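One chain, chain A, appears in both complexes that follow, with chain B as partner in the first and chain C in the second.
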Partner chain A sequence: MSSWPTETKYISHSTPRIDAPAKLTGKARYSSDIQADGWLYGMILRSKWPSAKILSVNLEKARQIPGIKAAVTVKDFPQTIRYYGEEIAAVAGATKAACLDALRVIEIKAEVRHEFVVNEDEARKDNSAQVWDGTTNASAPRVHEQGSVDTAFPECAAVIEGFYTTPVQLHHAMETSGSTTSWTDEGLTSWASTQGISSVRDGLAGALQLDHSKVRVITEYMGGGFGAKFGAGVEGVLAAKLSKEAKAPVRLMLTRFDQALAVGNRPSSFQKIKMGATADGTLHAFEAENYGTAGIGAGGDAGGGGGGADIPMPYLYKVPNTRVKQSMVAVNAGSARAFRAPGNPPASFGMESAMDDLAVKLGMDPLEFRLKNDPNPIRQREYKMGAEKFDWKQKYQKPGSSPGVLKTGIGCAAAAWPAGGASKSTQGEARINPDGGIEFRLGVQDIGTGTRTVIAVVAAEMLGLKPEQITVRVGDTNFPPGPGSGGSTTCASISPTVYDVCTQALRQLQTQSGLADARGENWFAACKKLGVNPLVVHGQWQPGLSDSHACGVQFAEVEVDTETGLVTVKKILGVHDCGLIINKITLESQINGGIIMGMGYALYEERVMDDLSGVVLNPNFETYKLPGIADVPEIEVVLINMPERGVIGIGEPSTVPTAGAIANAVANAIGARVSSLPITPAKILAALGKVPPFVNA
Partner chain B sequence: MKAFRYATAHSTDSARELVAGTGAYLAGGNDLLGLLKDYLINAPEILVNIKSLPGLNKIERGDKFWTVGSLVTVAQIENHAEIKMVFPGLHEAASEVASQQIRNVATVGGNLAQHSRCWYFRHRDTVCLKKTGDLCYARNGENRYHSLFTGNTCISPVVSSLATIFTSLGATAIVLREGKETRMSMAELYHRAWENPLAHNSLNNGDLILRVEIPTTRGRSAYLQVSDKHAFDWALVSCAAAAEVRDGKLKSPRVALGSISPVPHQVEAANDFLDGKVLDDAAATHAADMILQDAQPLKHNAYKVPLAHALIRRTLLKLNGDA
Partner chain C sequence: MKEPEPENFGAFSRRKFFKSLGTVAATAATAQVQSVAAELEKANAEQVVGPGAVAVTLKVNGEKLKLALEPRVTLLDALRNYSSLTGAKEGCDRATCGACTVLLGDAPVYACQKLAIESQGVEITTVEGLAKNKKLTKVQQAFLDKDALMCGYCTPGFLMSVTALLKINPRPNAADVKRACAGNICRCGTHPRILQAALKAAGVETASKTEVVNYV
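Let's turn to the complex of A and B:
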């Protein structure tokens, strides 16, 4: 069985991103930077109705706009529209202006339907408009039961009930979804902004009925995906169709407006939780009813990767007596998709809020309450490390006891990501030149997490070279197949693969050069003996070098202005593990990003829809609020390195507990629970009883 | 965006001539270009670049009043060392506007004349009252950012931070209207928005704000706003206060609020109440009660009442300063 070296020079140390200079100088080419010969802009016409039957679409006037080279429709007619923003047609033209003008003159014959519903609670009612004809919007509840809840509650010393809700969170990676795509007689090349070049290749080939070998997907650089960008997407297929018609490459990158409507989101959750513990603080009974919407994805269509509305309950805690009922509600809105740790941030927020509420009722320190009920030994260790670092015992005060108008509070919460692991079919190759140059090729993609650098670090360690001596090429379906970058699996997939490629390379070099050890100072001598031809070696993922299930806990300190409701996060401490740390600096960066995203979920982000018109009211960064630099606190990351476990990914767990920790810190500060995300000044003031009741005149 | 002609004016007369009919003045363009791109207003046939108009980009000191040209940028105000001393509230208001990049190009005239930020008005596919539709969607819809006061059915609030502080400072806008300089108080500059849902201020097409005169009679001023976020976010409520303080007593105090009414919200009775008072927590609280007593909160914006109350008290108490 393979094993990682114990004495390391690069692994578990910090190597700055090897592609940082390219990114900083603008040399790095993202999908929208591709300047393929004769390229055109592509743009999409979306439904301005939340519900309609499109009878026909006339593209003639659009085609007559000067500069327009192609116009296509998305579907055959009649097309049923189920949400505001659903794609209807697309155009390609020489300028953005031409495309915008063309979209405005497309003629649509439609039967507009006034029956639609965008609100979860309305959609659950018996007389609600149906998103999918003939099907109730709410699915039949799925019930999981163990033990005996009904007899367990009376045995509890303390019981709390709460209604914890989370909004729909939109996918707003810095780089929007889209591609530059060229479809000629020779085949199709798509420079796509994707987390999965292979899945996009397969998706395009399937949708366009092309031989897989005729489709090449390239993702040199990429500005974030978070679960939204595994498939070709409607926009990817449209770019291809436009390219074919225009006989030119088409750059179809979504606008920020587009991005808010139709590329997936995190489902909402409405969690009614009843939970009880015995007098010694042992969780004893848990009953929950949860519903949430995955948009139209809660009905018949889960296009783009699904993302159901169910969440793990009672999350990472073991309760002997539980009854959990969950159902999904369809509304006339864009479908959900996988979103960084699907199901987990809402589950963590609900359960961790309930944990604190119950701890307060029991008169226990919430951290002690967790230590008592969290069965995971790694988190036990992390809580203890974090508590010491955070000075928990010193800082913890009874809820609401902070004096004055500006109240401070602290809270904590935990993450679980039992999934993860590795994609065992990952392959890679290296080409070693007689001059000592070495190039790795993996059909993985670097979505901004530092995948290139991880490859260089592992290779440098194994070969006794420096990371800057390693050339890394990723993001091309012509390379050996790699994993999709999702589920916190990338690092655990590629690190063992690179390990294997290096092992094969050293073995071959030894054979061909006659040198006992080709590493380090012998490298160039060994390579020189290759003669004229480069050595190409192939490797694949090997067992024993990676694992799954990262944990992690986070602590938050906040200050709340009890007169204005403004929450200021003062500090977040994250204590995380992910097995063997490969590169500390990019790992910390990823955790920082997870925490900031979690802050957005806690305090700012929410898709707002209008009941009457069915539109998304905040399809922009003006009113879909994201954390800015002025909002971001001091973030401290403490890592536990566990080489014995092998490599584990970190993407998901780093964002899971942040909202729960912040919500608990807020409750601790003000002595009242804001049980609904995002925690806005309006909700703080309401929780404090300062908002006069609304009287409907 | 619809095609338009473009011309640069070098005098106010030529600007007025060029814009006549359905033209629009272009200065910083932050608001105008967004409106045009989203087809939210009747498209002007011509955009008249006024950035080269002489004399309008100056801040001029004076004993009785200061003059701020309409082409002065928000950043110029923010970075003006003397303004920070003489009109601290103006400095504070300017520094809260949008982001540094926007402040660098946004002008005083543009900030005052900016259109509604109501998300129904700004939405490309809703036709609300403000866009000649027959319904205010916000009234029974998502109104968390909307007004507590209005004189008509539309509840889109004024969001100009500068209007709020200028109101409290008793500033006057000098507007070129049909060739004549017309003096308008801030109340007059916005009054039409109070009664007419189609208006966001009292300017007619072709009117051009030339400058703002700020009397120096109020030596103390302060501005505070609270947003959902800590920077680059619209105020949920903003509040400005200004007064002279003599022998510990307020003289000519004025309080104004933004984001809770289509006009900068002020209550004369509250100003009168404060006049001659020693400013303490009780006086500030009573003034806040008076200013908000007729508020008509809707389903999602009632939180603005306690928030505004807190801001009024805090802004007023800032006037006591260290002196």
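Let's turn to the complex of A and C:
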């Protein structure tokens, strides 16, 4: 069985991102920067009706706009429109302005339906407009039951009931979705902003009925995805069709508005939780009903990603008697897609809020209550270590006992990431030149996590070279296949693969050169003996070098202004494990990023729909608020080093517990629960009884 | 008192524009929008440029960039799509994300909010113009050392904001950095590292708060 070296020079140390110079000088070409010869702009015409039947579309006037080279429709007619923003047609032209002009003159004949629904509670009503004809919006609840909840509740010493809700969250990667796509007789090349070059290739090939070998996807640099950018997308297919008609490459990047309407989101959750514990603080009974919307994806067509609205309940705790009912609700809005740790942040928020509420009722310290009920030994250790570093015992006060107008509070919450692991079909190759140069090629993409650097670090360690001596090429479907950047699987997929490539390379190099050890100082001498031709070696993922199931706990300290309702996060401590640490500095960045995204979910982010028009009211950054540099608190990270487990990804668990920890810190500060995310000043003031109660509608 | 004459943009001034509006105001009440536009065009026949492409010269990173642009083309559009300078990024095209931040003179501006035609005659610096002779600037080097970037799409904007700050305030504190970067958004969550990098570029080293603890 393979095993990682124990004495290391690069693995578990910090190597600066090897592609940082390219990104810092503007040399890195992102998908939206590609300027293929003779390229045209592409733009999409979207429905301004949330529900309609498009009878016909006339593109003639658009084609006559100077500079316009192609115009296509998405589907044959009639086309059923189910949400504001659904794609109808697209144009390609020499300038952005020409495309804008062309979109304005496209003529549409449509039967507009005035019955539509964008609100979850409205959609659940019997007389609601149907998003999908002939099917009710709410699916029949799926029920999971164990033990006997009905007999267990009377046995509890304390029982709480709460209604915990989370909003639809938008991915909003800084680079919007899209591509530059060129379709000629030879085949199709798409420079796509994607986190899955292979899935985009398969999607394009499928939609356009092309041989897979005729489709190449290239993603050298891309500006974030967070789960929304796995598929080819309607926009990818449209770019291809436009390219074919225009006989030129087409760059079709979505606008920020489009991004909020049509290319994914995290489903909402409405969690009605009843939970009880025995007098010694042991969880005994849990009953929950949850529903949430995945947009139109909750009905039929998943629209290029899909993803349900169910969440794991009662999350990571062991409760002997449970009854959980869950259902999805379709509304006239863009479909949900995978979003960093799908299902987990809402589950963590609901359950961890309920945990604190029950701890308060039991008169227990919420941390002690968790230690009593969390079955995971690693998290037990993380809680204890974190509590000490955070000074929990010293800082913890009874809820609402902080004096004055500015009240401080602390809270904690935990993460599980039972998915993860590795994509076992990952392959890679290295080309070793007689001059000692070595180039790795993996069909994986760097979503921003530092994938290139991980490859260089592992290779340098295994070969006794320096990371800067390793050339890394990723983001091309012509390279050996790799995983999509999702599920926190990339690091655990590529590290063992690079390990194997290096092992094979050394074995062959040693055989060919006659040197007993080709590593380190012998490397160049060994390579020189290759003669004229480079040595090309292939490798694949190997077992025993990676694992899954990363955990983590986070502690939050907040200050709440009880006059304005403003929450300021003062500090977050994250204690996380991810097996063998590959590159410490990029790992820390990942955890920072997860925490900050979780903070946005806790305090600021929420997609707001307009009941009257069906439009997303806050699609842009002036109204869809993300954490800015002034909002970001002091972040401390403790990494639990577990090299014996091998490599585990960290991207997702790092964002899971933040909202729950902040929500609990807020409740601890003000002595009242805000059970609905985001925790806005209005909700704080309502919880304090200073303004009328917040109505979630 | 004589009002100061506004800045001239080519042959066209704000003052003349308002004057010409006066001549068509009466017509506007009854006429169609198109005829108003025709009146405007007539009244300003001598002063108006466009709507077709006109010659625009930009001074970018010390070099002259001669372009033919419709007057409605933004500086960002001109850089990214009419030249090969794609370093400034488009994240929103409406002054909310800061990914397109460039320097006009020493001032950081959103390139998506400036027309190319009005950016003439000023030295424009984009991210491509920071490093000289392949040597990273102090700010770039600090971003590299502190890993103040992840996907990197917002990074050029942050680099320009921090660079502009250090030009006017070589010894900023954390609050100064936060204020200078208030107009830049990052979705990956590199903010703590950007703060550390900006301070490092100003000569203040902050220690990492990360601790590695062995499980067994």
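As a convention for this text, the second predicted complex is superposed on the first by the 691 of 697 C-alpha atoms of A that agree within 3 Å, B and C clash if a C-alpha of one lies under 4 Å from a C-alpha of the other, contacts with A are read in each partner's own complex, and residues count from 1 in each chain.
Going forward, a contact is a pair of C-beta atoms (placed from the backbone, for glycine too) under 8 Å apart; a residue touches a chain by one contact, two chains touch by 3 or more.
The model shown is predicted, which means the values in this text are computed figures rather than measured ones.
**Q** Any idea whether chain B or chain C touches more of chain A?
**A** With both complexes superposed on chain A, more residues of chain A are touched by C.
**Q** Using the superposition on chain A described above, determine whether A:G628 touches chain B (first), chain C (second), both, or neither.
**A** Both partners, chain B and chain C.
**Q** For A:K690, using the defined touch cut-off, is the partner it touches chain B, chain C, both, or neither? Pick first, second, both or neither.
**A** In the superposition, A:K690 touches chain B alone.
**Q** Quick one: is A:A419 in contact with chain B, with chain C, with both, or with neither? Answer first, second, both or neither.
**A** neither
**Q** Could you say whether A:T255 touches chain B, chain C, both of them, or neither, answering first, second, both or neither?
**A** A:T255 contacts chain C only, not chain B.
**Q** Is A:L515 touching the first partner chain B, the second partner chain C, both, or neither of them?
**A** Once the two structures are laid over each other on A, A:L515 reaches no partner at all.
**Q** Could you tell me if A:T564 is touching chain B, chain C, both of them or neither one (first, second, both, neither)?
**A** first
**Q** Looking at the overlay, does A:A36 come into contact with chain B only (first), chain C only (second), both, or neither?
**A** neither
**Q** Quick check for you: in the superposed arrangement, does A:V105 touch first (chain B), second (chain C), both or neither?
**A** In the superposition, A:V105 contacts neither chain B nor chain C.
**Q** In the superposed view, which residues of chain A touch chain B and also chain C?
**A** Looking at chain A, the two contact sets intersect at 97, 622, 627-630.
**Q** Over in the complex, which chain C residues touch chain A? Could you list them?
**A** 70, 72-73, 77, 80-81, 84-94, 96-97, 99, 126-128, 130-131, 136, 140, 143-145, 147, 149-156, 159, 177-179, 181-182, 184-195, 208-216
**Q** Enumerate the contact residues on chain B facing chain A in the complex.
**A** Going by the criterion above, the answer is residues 1, 117, 119-120, 123-126, 137, 140-142, 144-145, 226, 228-234, 236, 297-303, 305-307, 310-311, 314.
**Q** Over in the complex, which chain A residues touch chain B? Could you list them?
**A** Chain A reaches chain B through residues 48, 84, 97, 100, 561, 563-566, 568, 603-604, 608, 610-613, 615, 617-618, 622-623, 625, 627-631, 680-683, 685-686, 690-694, 696.
**Q** Give every residue of chain A touching chain C within the complex, in rising order.
**A** Answer in residue numbers: 12, 16-17, 19-21, 23-30, 32-33, 35, 41, 95-97, 172-176, 221-224, 226, 253, 255-256, 378, 381, 385, 389, 447-450, 577, 581, 584-586, 588-590, 592-597, 620-622, 626-630, 632, 634-642, 644.
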